[in-house]
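You will see two complexes here that share chain A, one where it goes with chain B and one where it goes with chain C.
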Partner chain A sequence: MAFVEQHIHDAPTSFWSKYICSYDHKVIGKQFLWFGIFFLLVGGLMAVMIRWTLAFPGQPFPVIGQLMFPHTGGVVPPDTYAMLFTMHGTIMIFYAITPILIGAFGNFCIPLMIGARDMIFPTLNMLSFWFNMASGILLLGSLCLPLGAAAGGWTSYPTLSTTLGQQGLGQTMWTIALFLLGVSSTMGAVNYITTIITLRAPGMGYFKMPLTVWGLWLTSILNAIFIPVLGAGLLLLTCDRIFGTTFFLAGAAATSGKGDPILFQHVFWIFGHPEVYILILPAWGIVSDLLSFFARKPAFGYKMTALSLSAITVLSTVVYGHHMYTTQMSPLLTQSFMTLTMLISIPSAIFFANWLGTLWKGSIRFTSPMLFSLGVVFVFGLGGLTGLYLASTSIDLYLHDTYFVVGHFHYTMAASVLLGGFAGIYFWMPKMFGRSMNECLAKIHFWTTMIPLNGIFTGMMIMGYAGMHRRLYNPFIYDFMHKLMPMNTFVTWCAIAMGLAQSFFLYNFFKTIFFSKNKPLASANPWEVGTLEWEIPSPAPHYNFKEIPVVKCGPHEFGNPNLKTGRDFQYQTEELVEVK
Partner chain B sequence: MNFSFVERLNGLFAQAESVADTATKALSFWERMMPPEDISSSGHLIMWLFNYTTYVNLFWFSLVCLGLFGFSYLYSQKRHKKAFYTHGNEKKHLLITALIGLGVFLSVDMVITKVSSRDIKEVFWNFPEDSEELVKVQVYAQQWAWNFRYAGRDGEFNTADDVVLLNDLVIPVNKKVMVQMTSKDVIHSFYLPNVRLKADAIPGRFAKLWFDANKVGEYEVACAEMCGIHHYLMKGKMTVLSQEDYDSWKNEQEDIAIATNDTESENLRWGWAWGSK
Partner chain C sequence: MNIDRSQEMKFIQSSVAMTVTLCSFAMLFATMFLGYFLVRSSVSVWPPVEIQGMPQGLPFLSTLAIVLSSVSYYFFEHKTGGKKVNFVLTIVLGISFLISQWLLWAALKESGILVSDGMVPSMVYAFTWLHAAHIAAAVFLLLWLGFYVFVRTEKLSPLKVINVGKFWHFLGVVWILMYLLIFVL
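This part shows the complex of A and B:
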């Protein structure tokens, strides 16, 4: 099936060509992983600072507060607070989740799982990472500006994000950084789509691909179509900021011409709603695979799952209006958007049923990747169902812009994606770096993450139901929120606990990579799984496959009673054993 | 930022905390979770749909949990050594999946969409006619305050005798209030927690909102859309008066307006004729 033959070149020898300007998809995947983990820590620290301010208003932030805000005695000031939640959102979405789930797993898994030696465009792949890097540096640089970084919310609605509301250079740098990131993501997306279409090993039909590849593929399609839309909006915003155009300016502040701030919201959410599926689809794919791998059972209704994911991908492009109910669109539009949004529940219900069907009568091994996958089923169940409240136009009149929304999208985008990402890291670690991570620490990490995580986001939804709205430096200015003080404190302690729990991961991760040289390498297939990447040694060798494998069966062949090999699974390169 | 800023900030916090301590100590956990008191005639529609969604969600989520925890317990490797070999693509499997999809469609999609559309069309965005007896208020949002304008004694908006108030909305009880609003600078969102409503005030556009209040008292007006550094301070007060109190208050305000309105003042230079775009 492969249309293109990939030649094997010599392995690079110098440090520079091996680790910095590498064309190797595995190295680029790892570069994205490091990049993402670094920003995950930065974004996480910001989250804790936000939570600290909400729970303990007026109290200095511990340890580093005095250093960062000497002029207020360590208290986070209101302008910094606005900057923090803006940058927290931006960093987590574009610089942590995107690089880890799409950059790292996309690069690492796609060629290995479809039986290719590398991506179809290795140079584009390298460029994609370095554009990403440039964007990251620009964004971090904006934090050091005298007027601070962007502080108009991650959605950066004009006119607040024009020079009217954001005088500093920070917002301009934010806009340009995101534009660069969009260029990087588009390069990656084009590369992934083409690679999956042209480089699948012989016999690897679309319905023989692991669901991880399905998720990444659908994500890339959305990325390729919708990131350019964001790019267009950002360019117009940049013009408004630098060249004095008035695409988005209106009202008393628009001294010449007349634009429309709502235009930006349309453009932003045309991109923004597919974006949440861009983030979650790879995690769904990974979880669909891992549930089957560790239940030792074929994925239940594999084709239905793949088709449901595709249906959601299509639907995700026509529902964006539910972010804008309170702007008072025509009722006809809000009703259409509400109905379309609600329709997403049907394919979601189908793949959820299939996930549970996979567990049914399995022989479940509770390894760390499996625990994290089961965690995703739980938190995405909560996150998905709470979306029903917000899809409804009338309930949204009350809940819009409250912490209910914050809790909901953190459950779907943050909790599910984070847990899915950890599942992936624990699972592919032996293939990536050659050694498995410590299982015991991984399980401690799971429970110490999972419990506070639910405390945080359930707490947020309760506060939102009680009416607390978003992005308030001190919510207790409002009388009706005084009673929410204990809940805010509880959520903050949960956030701190969850933040500290990540040290189990970091310790485990760094120890496995850098301080385990004396330990033997992992076997080729420590998890006993049949997909293509587990037939080659760990870590995956230069150019992956000496011989391009020929695929003969699906990725989830477990527990076939007629197997005579002594294993309970089949490699994808083996002829499917018939059941009589 | 100087010392006085810090001092002011600390004062603000201390004040908020002391109030919080005394007023809310006696509340139970359940009471703390509840939304602010509903004083509108339409808020119960939102709450009904919210509760309905909660019950349906509880049903479906308990099914998910039953599967997730039940299967994890029953089919762990220890208890269930050999997995059952199935691809889940037989007719009965597809039928079960399709039934679940249909169940979700009927219980969730159909009901919520229908009820929500009805409520929006018949109540929330079914704006009262100008001929009805209404309290008309114009709202002008700015960083970081709410301006309210009532037509003065002449009944016309944007004239010299208009009553213009800052962060202070006063309405009579049990009467429909019609609000027209826009914003001076950035996008704000006019949020009345006690009425369960909000609408964005957007520069260059007019938004409208109607509501009523059936309980006399003082309530809060909040800005729900991030509008800059001091977004959190953009708080207004909504006072609901009995009809008699309202009439005398209105009368008094109209006298003050006629006596003191300075047409040159910037605070007054923002009105528009009612209903015009």
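This part shows the complex of A and C:
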């Protein structure tokens, strides 16, 4: 399959062609990274504002509160609160995590790890980024509207999201921004899938690909299939908002005829459940690789891990109903969805056990990427286990829409993916920008993130278990909530601490990229890893590979006692040394 | 590496990419069909009052136009004689499809079926809008291809013809399903 001529073009020279309209997958990856980090900060600030309101109701938000809400003396107003959690969720999922994990690592790692010179359709790749940008600008723009941005939750359920729920352009712009983003992701997905299928270096069979590539590949497949489903839902919503259709208006809300708000929920979650796997699969892939790299052992059950990830991908398409247990679906359906959801725990348990198997008796190097990967193992374990509670219909009737759900989904898709993303950034930094980040600061960053993070999300789950509802401006108007006040304060302090801890990362990141010009470049292979990208100089040169490499063994050949090279690992281009 | 080999690779690559792309588009329309089924299953008598008196002739004409356009494109792709005429015919038929859709919307309005009349009319309108928007995009693609068919003939690669064709035939199939489900059954 893989013997295509891939030409080496001249490196672009002008600033414009080098950094702005670049066709180079590495540059586009970095553009996505900057984009994602920027939005991570915006979304993070919004999270802190939400938390502030919950812990200190009625008190002005420090420093910037006066500026933002002068008419309330700096207190976050209730309608703004709804806007904040909506925009926080949307931004974090679609504009921070997706660009970093899929946009940045997808672009940067796929060609390098499969031994290609670039993506197969560089122009499409560039377009994908610029659609993403347009969408981001539209979304940010909606924050400046007189009636405010969207406030119907990231799920934008009707009738909250129809013109009855929210007047003004905010929700419409949100819908259009997300549609654009969907177009961008779909273009990316077509590119990734085709690249992985047709541009693998000679010898790079599917079961010789690093698991990172597996994760990104499966993610792209889900993207290509399910983003259009959301697209259709968004179009119908736009029609309702602009062209007077009545898909989602019901009861007194509809002036004539009748629509069905639940229809949107179906469409949304047919997309939405795969979406959470879209977010987590790249992180799983990265962590599966990193655990093996830094335990200096072959990935335990590599094939089973790849197959489990694939099984999860398939299963993830048929479980969406678990988000809708409380919409009066027939018990037969809820039970089927419950069973299917529980089934996912089988492949999940398999790859999770494989992770532990990889660590078992490894000679672990506690580098910063490894710490973050171990962090993912821990938080994903917790998130996965609490998912079982929510999968069970009877328990979900009580827990639905409480902070338990918020805690659960932050553990699985926010915490795991965020930590996985950091692991990836620390790991590929030398290959991306030419210099490694400061390890000591990175480790401080890890612990100052990990500890408050667990404070936040465990705290949320406890509060949810005690009955605290999500998306409430002031839950404390209910008597039974009063005793949860200290818990809320604790969670908020943790959130503030975690927010501040990110300055260790930012300092380290900017310093390494912009203020280390006098330091020597990183060596080609600072982590001593055998995958293809570590055989070329750091930072990766314009054409990636002078010669397209020929792959002879898998990505995780570590600790073979018969190795005569003086290394404890093999490059993927070396003939496999047998362990007798 | 010889030319044939790299040509062949190009074909494989583009057919993989096209398959994925069409899967995405198929899911978009599949979601609309799903919505249509859900709407339809919630209606006790079919056709419901909201869409009684829907025009029958125009959708039939649309179907005719799009089927013929696909056929002429097929001849353009596969037969050697009279190539360019078939290509022009495809575009003309494609535009007639759009016109017939426009007339359909006007006729719907004429017979008192409005977008805001409820879910069924909403669905009829939104579904046809969505499909027509794709047809319009595809007509632009055809015009773009026409530039190579008539002006820059030396740059006309079979891949362009095949890929635009796949998209065009795909939209034709979607319309036939829509026609059967919405206007016939």
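Note that the second predicted complex is superposed on the first by the 578 of 580 C-alpha atoms of A that agree within 3 Å, B and C clash if a C-alpha of one lies under 4 Å from a C-alpha of the other, contacts with A are read in each partner's own complex, and residues count from 1 in each chain.
To be clear about the criterion, contacts are C-beta pairs under 8 Å (C-beta built on N, C-alpha and C of every residue); 3 or more make two chains touch, one makes a residue touch a chain.
Computed from a predicted structure; not experimentally measured.
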Go through the superposed model and pick first if A:Gly74 touches only chain B, second if only chain C, both, or neither.
-> neither
Thinking of the overlay built on chain A, is A:Pro539 touched by chain B (first), by chain C (second), by both, or by neither?
-> neither
Thinking of the overlay built on chain A, is A:Pro526 touched by chain B (first), by chain C (second), by both, or by neither?
-> neither
Partner chain in contact with A:His400 - chain B first, chain C second, else both or neither | first
Looking at the overlay, what does A:Asp260 touch: chain B (first), chain C (second), both, or neither?
-> both
Which of the two partners, first being chain B and second being chain C, lies in contact with A:Gly455: first, second, both, or neither?
-> neither
Would you mind listing the overlap between the chain B footprint and the chain C footprint on chain A?
-> 258-260
Tell me, which parts of chain A touch chain C in their complex?
-> 1, 3-5, 120-121, 186, 189-191, 193-194, 197-198, 224-229, 231-233, 235-236, 239, 243-247, 255-260, 263, 266-267, 270
Tell me, which parts of chain B touch chain A in their complex?
-> 1, 5-6, 9-10, 12-14, 16-17, 19-20, 23-24, 27, 31-36, 43, 45-46, 49-50, 53, 56-57, 60-61, 64-65, 67-68, 71-72, 75-77, 80-89, 93-94, 96-97, 100-101, 103-105, 108-109, 112-113, 115-117, 119-121, 124-125, 143, 182-187, 189, 191, 193-194, 196-200, 202-205, 207-208, 220, 222, 224-233, 235, 270
Okay, in this complex, where on chain A does chain B touch?
-> 57-58, 71-73, 75, 77-79, 82, 151-153, 157, 159-160, 164-165, 249-254, 258-262, 295-304, 326-328, 331, 334-335, 338-339, 342-343, 345-347, 349-350, 352-354, 356-366, 374, 377-378, 381-382, 385-386, 388-389, 391-395, 397-398, 400-402, 462, 465-467, 469-480, 482-487, 558-561, 568, 579
Quick one: in the complex, what on chain C touches chain A?
-> 1, 5-6, 9, 12-13, 16-17, 20-21, 23-25, 27-32, 34-35, 38-39, 42, 50, 115-119, 121-123, 125-126, 129-130
